[in-house]
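After the structure tokens below, expect a handful of questions from me.
Labels run A, B, C, D and E following the written order; every chain starts at residue 1.
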Amino acid sequence: EGERFVLVSHAPDSDSWWNTIKNAINVAGEQMGVTVEYRNPPTGDLADMARIIEQAAASSPDGIISTIADFDVLSGPLGNAVAMGIPVITINSGTEEQSKEIGALMHVGQPEKAAGFGAGEKAKAAGVTKFLCVNHYITNPASVERCQGYAEALGVELGNQMIDAGQDPAEIKSKVMAYLQTNPDTNGILTLGPTSAEPTIAALNENGQAGTIHFGTFDISSEIAAAIKSDVVAFAIDQQPFLQGYLPVVILTNLARYGVVPGNSINSGPGFVTKDNIELVEKHAGQYR
Amino acid sequence: MTKPLIELIDIQKHFGPVIALAGVSVSVLPGECHCLLGDNGAGKSTFIKTMSGVHKPTKGKILIDGEEVTFSSPRDAMEAGVATVYQDLAMIPLMSVTRNFWMGREPVRKFGPLQLFDFDRANAVTLEEMAKMGIRLRSPDQAVGTLSGGERQTVAIARAVYFGAKVLILDEPTSALGVRQTANVLATIDKVRKNGIGIVFITHNVRHAMAVGDRFTVLNRGRTLGTAKRGEIQPEELQDMMAGGQELAALEGSLGGTV
Amino acid sequence: MTKPLIELIDIQKHFGPVIALAGVSVSVLPGECHCLLGDNGAGKSTFIKTMSGVHKPTKGKILIDGEEVTFSSPRDAMEAGVATVYQDLAMIPLMSVTRNFWMGREPVRKFGPLQLFDFDRANAVTLEEMAKMGIRLRSPDQAVGTLSGGERQTVAIARAVYFGAKVLILDEPTSALGVRQTANVLATIDKVRKNGIGIVFITHNVRHAMAVGDRFTVLNRGRTLGTAKRGEIQPEELQDMMAGGQELAALEGSLGGTV
Amino acid sequence: MSAWRKSLVRPELGAICGTILVFSFFLIIARGTGMFAPQGILNWGVVSAQFAIIAVGACLLMIAGEFDLSVGSMIGFSGVVIALMSVTWGYPVWFAIIVAFAIAVAIGALNGYLVIKTGLPSFIVTLAFLYVLRGLTIYGSIATTRQTIIGGVSEVAAGDPIAWLFGGKILGFLFVWLADIGLIGKFVAGPRAGQPVIEGVPMLIVWALVLIAFAHILLTRTRFGNWIFASGGDAQAARYVGVPVNRVKILMFMFSAFCATVFATCQVMEFGSAAADRGLLKEFEAIISVVIGGALLTGGYGSVIGAALGALIFGVVQQGLFFAGVESSLFRVFLGVILLMAVILNTYIRRMITGER
Amino acid sequence: MSAWRKSLVRPELGAICGTILVFSFFLIIARGTGMFAPQGILNWGVVSAQFAIIAVGACLLMIAGEFDLSVGSMIGFSGVVIALMSVTWGYPVWFAIIVAFAIAVAIGALNGYLVIKTGLPSFIVTLAFLYVLRGLTIYGSIATTRQTIIGGVSEVAAGDPIAWLFGGKILGFLFVWLADIGLIGKFVAGPRAGQPVIEGVPMLIVWALVLIAFAHILLTRTRFGNWIFASGGDAQAARYVGVPVNRVKILMFMFSAFCATVFATCQVMEFGSAAADRGLLKEFEAIISVVIGGALLTGGYGSVIGAALGALIFGVVQQGLFFAGVESSLFRVFLGVILLMAVILNTYIRRMITGER
């Protein structure tokens, strides 16, 4: 009873996607009767994240849950935590192999590039040949990998098809419109989350191309859900973050109490949210989905 | 005797432990030029800042036309007819002559519901007033920074004169001026005085003071050494009182032995 | 006649179209106090800035001990033995007295491979030199900002004196001082002079000039009106030459008629 | 100086030259890309209008001798206040907007009050508020909704009497007519086929124009404008002639906060959501626009028209690089170089005007 | 002033008080959380050391009367230069490091040269470089590797003669001994079972201490230090007595760039990768540390020890809030409030010392 776990993410304070995970650890914490602390580098600086993991290890919790946003940066501190006898579960970004190398119990999540690749395969099936990847977070390596994976699945060079959109919605919208105007043969769009998806939807609505371009996005929000229903967005890649928050807490609790732990990593995604399964997703969008 | 325009009675001003003024009384009559002389640190600036509402006196009364007043800001003093020209802080070099001239008293013109700065009038008046002071501007839009130091001082004086202050305080207006412009300023002081305005003229230069002064007050370490009328006192006496003449004379003597 | 320490021959200085100096020649003998007088804008500051390496003359020669030199920076002039005390720019209020005193000429002490600021010596010397000038510091670490304006000026002079300049230039050192500190400064000038140092003393105050001056040069619009020896000229004449006395007298006359 | 030269040499001359240069450049580089077609114009027009809204506030404040690093955080803060109040707590949108403006302006006043009272540089005081406001915004939205993006404003704003002022579009009929006579295109496919490609002029642009006009007139044609110049040029001298310097400065801090809130409200109304990270680094962008426009960082000198042109240059360069297909990360490099060149040119012009040395 | 009071009233007094306060606070709040166990101390020690490294550079520069907003971009830039050269282009790591330092210091000199030559405020010039450097960093890394993060430095750095200076750890034997006598824990699992939990003191901390000591001695005990104070206090007065003000200022810009590169190199060597977004907003954090440490934003006054204590406060508060389990977004609020309070206190102390009004 009353075990303490720490979940360390790589997301800056203002990243909305992680709220689902925060909700998940709250749910799991209540159900299991444990406390789970959520920590993140305020500006998203991965070096700061490494410090936070070190700090979490120093406070000797009963388990650490962390992303592997950058293996180089995080393998050291996470490895040290493992060596100190603290059970570690890795989630979200990173691969199973990396998780093993660190010595973590398991990995819950999906690698970014593979997710991008999955999106690209769907796009290819829909006949996409030229695309636009709206990167609102160009300095984040994971987001570049998503675009890269998409391009690889299509079998084309990424090149100028990924734009540095910035975080300001009006600027994202204008940039998308400018891009589409100068590259009218674009027939696919990938956005990397609500921050870029929502202004892109607005842009398509405004320039009348809504529904005419194959549009995939990462993650789900109420605006994205509505766009899926109205056929503007073809699919949203949902890595089911709730599971990434919920499962590790449950597993770590069971490990601490009864010494039992599953033997393999768990793929929480990719789940593709399309018009077919949108109803249920929508109900919990932004909260549990 | 005419009634004084402004009377300061037993003004004291302390800055924490520093006693800048230890009871100074001065009055200014209409149409007179009252010269305030004194060594550095005597308290001249402090005194006129009290008169113009920048400082509140620690003790003492200010009477305007015989009635006691309290100035809580320079604006109050300006509205009561006390205008001041500060030596260093008179003009803002980045702004145009007109904007400087009217600063704080901009003329407005109704434009529908709007109250606009009346530039036509402002420019015309500025050019005219500057011409009266003997300065021909290229344009009233010219930045003050393009004027010479003397010209700047002259704009400040012209401004104060124009606003028809009853009492005009000049803090060392001539100390940065060349001879010709000094003469201009002194002549202007004379003109202004003839309109019945009282002038407080602060200077280090006894010659300048003697040229236009009607009465002379010497300050020394926050106290007056008394007020003298023109003709009652010789320039040399004034110079001696002001520059601590006796002490210097003693010094000269002691050095004289060694030279 | 003794050989001059420094001789400036026919110095001209133009700032674009402005002719600040139109050919001024001045020499300074060892042990003399050479007073430079002049109206505002006469070019005094420009002249001494040329002498101390801040400005390069447009034309003219500078001889030190009879040899021609060119100063490309104030440092050059300092090294040639010409030290200057500027009125406003002498001291940095945020820094301690010792740091100010030694600024630009810090004494160093070897500490292994390091060259450290020798504070022990610096502090001791500062205290001693200030005591010589009649100022008792609470501590040499005291910030200059805590000193009075007069004391600051005195530190600057003490510094220049201490660095044993052959020629010491003082730009209006007394204009911000009270009488007692003025007397101190003048006495110090006298002391310094007796060590064989030549002093260039710039002032507006004829009394101060007369108290210590050996020779007097009056500048007017970038030209000299000639150099006079002590005793050859009366204070009144000097005052007249300097303040444009005749023009003022004329003014006084014209106003006199109206008063 | 001849009359011709005189009419030319003005604070915004640098920005005018810059604007001409930038437009010529993109007319050559990006001619065939639709950048100067109606839709393209609207595109960079909106981006420039955004910059202009905050640049106007920053411009008057800078001329009054202060600056405000908390503009960006204020944008995020105001947006979240509106979304929280209207969506999460269910107040009517007009009320939420009014409250957001009231709070923002009050914070602006607090900024100003602290600067005046403590005598600290505004750099420090507003830097503190940059952190405090951003922290409060994130904390507030997470603590109440467990989200940092609060959506659904569009739904609650439908039919609101004020919301339209920020998120609406005007002159729609004009564009229908223009499309009918063939001057602008119509959608040929998709759900809006048959409608003109431009729906109307967004209120954002209207706000920008109104604020520019207001600030320009205030600054150059009114008594208060003279006080703004005086407060920034030499606060002490201004005080001595009776200019209420403290009041002027505090009012300018409030105006800057007001402009930030206009920016935030327009964005929230257009996109239907508020996010805690909106406005990041916008304070720098505002300051850059103002400085490109010829204002002096230390106050007392500048021009609203210049700042607006600075914002235009900013927007056109940013979008133009997209139209021209230049690698978008190079935008930052361009921006830095333009800033440096503009400031050097402006310094030269200013010296010519003011006789400063 | 008594000797006792005199020894107390010094520029860093505010920072000393702040440090005591902050430590007392966390000793109460976060006692049981391991914050003051050896590992916890190392944790906030490393974070503070990071801040201290850039704060030292910013401190000397600020005392010399300028400041540098491009520090953060410089950190990202230098890191990417090292990673690009060593990983992507295959040069030896020591060569990459030397080149990175050379380029960074040259850019610092360019910064300084532009500030001196154009007479523009350093705010503007370095703001331009903030954008230019960040843009070049992103462009460079994307153009060459199609990524914004470049990993694999650890592999190429193995056995490098210089890399160890930045990424290594020292005094390992001490911790082995401490672990043996039971004062610190040992790893219980994994490949390093049996080794002490603290491997050694990271070179980052050593760099911080060395830079602090160097800068402190330079500033307070040498002739050059006096020139730094003089250049910032009154450049004109300093010039008149022969201080080479331009050289001093340019050197300080170079030193600030040097410190940023030390920061970047340590990070790259420790983590084995460089990313284009490293160092975001670090310029503000450096300035905040320096200002908390009692330096005057306008130059001529300050203390390296104060800046180091400012960095310590910054680090301890940031990590301490994590230990105490406070919502991390509140950190910014704390920071803003601490900054304001510290500056007001410091202003008061400074006036007492310098007689300023």
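Simple rule for what comes next: a residue touches a chain if its C-beta (ideal position, glycine included) is under 8 Å from a C-beta of that chain, and two chains touch if they have at least 3 such contacts.
None of the values given here were measured: they were computed from a predicted structure.
Enquirer: Tell me which chains count as touching both subunit A and subunit B.
Expert: Where subunit A and subunit B share a partner, that partner set is D.
Enquirer: Steps needed, at minimum, to get from subunit C to subunit D via touching chains?
Expert: The least step count works out to 2.
Enquirer: Measuring centre to centre, with centres taken as mean CA positions, what chain is farthest from subunit D?
Expert: C
Enquirer: On a C-alpha centroid basis, what's the spacing between subunit A and subunit C, in Å?
Expert: 73
Enquirer: Distance from the CA centroid of subunit B to that of subunit D, rounded to the nearest Å?
Expert: 45
Enquirer: State, to the nearest whole Å, the distance from the C-alpha centre of subunit A to the C-alpha centre of subunit E.
Expert: Here the centre of subunit E sits 32 Å away from the centre of subunit A.
Enquirer: Among the residues of subunit D, pick out those that touch two or more other chains and give their numbers.
Expert: 138, 142, 327, 329, 331
Enquirer: Can you list the subunit A residues in contact with two or more other chains?
Expert: 13, 138, 164
Enquirer: Which positions of subunit D touch subunit E when the two form their complex?
Expert: Touch residues, subunit D against subunit E: 114, 118-121, 123-125, 127-132, 134-136, 138-139, 142-143, 284, 287-288, 291, 297-298, 327, 329-337, 339-340, 343-344, 347.
Enquirer: Please give the residue numbers of subunit E that touch subunit C in the complex, ascending.
Expert: 1, 6, 217, 221-223, 225-227, 229-230, 233-234, 236-244, 296, 300-301, 353-356
Enquirer: Note which residues of subunit C are touching subunit E in the complex, please.
Expert: 52, 54, 73-75, 78, 84, 86, 89-95, 99, 102-106, 108, 114-117, 119, 138-139, 141, 143, 145-147
Enquirer: Which residues of subunit A touch subunit D in the complex?
Expert: Answer in residue numbers: 12-16, 19, 22-23, 138, 160, 163-165, 167-171, 173-175, 177-179, 181-182, 194-195, 198-199, 202, 205-212, 221-223, 286-287.
Enquirer: Would you mind writing out the residues of subunit D in touch with subunit A in their complex?
Expert: 30, 33-35, 37, 39-40, 43-44, 46-47, 50, 76, 138, 142, 146-149, 151-152, 187, 189-193, 195, 197, 199, 204, 267, 270-273, 275-280, 282, 318-319, 322-323, 325, 327-329, 331
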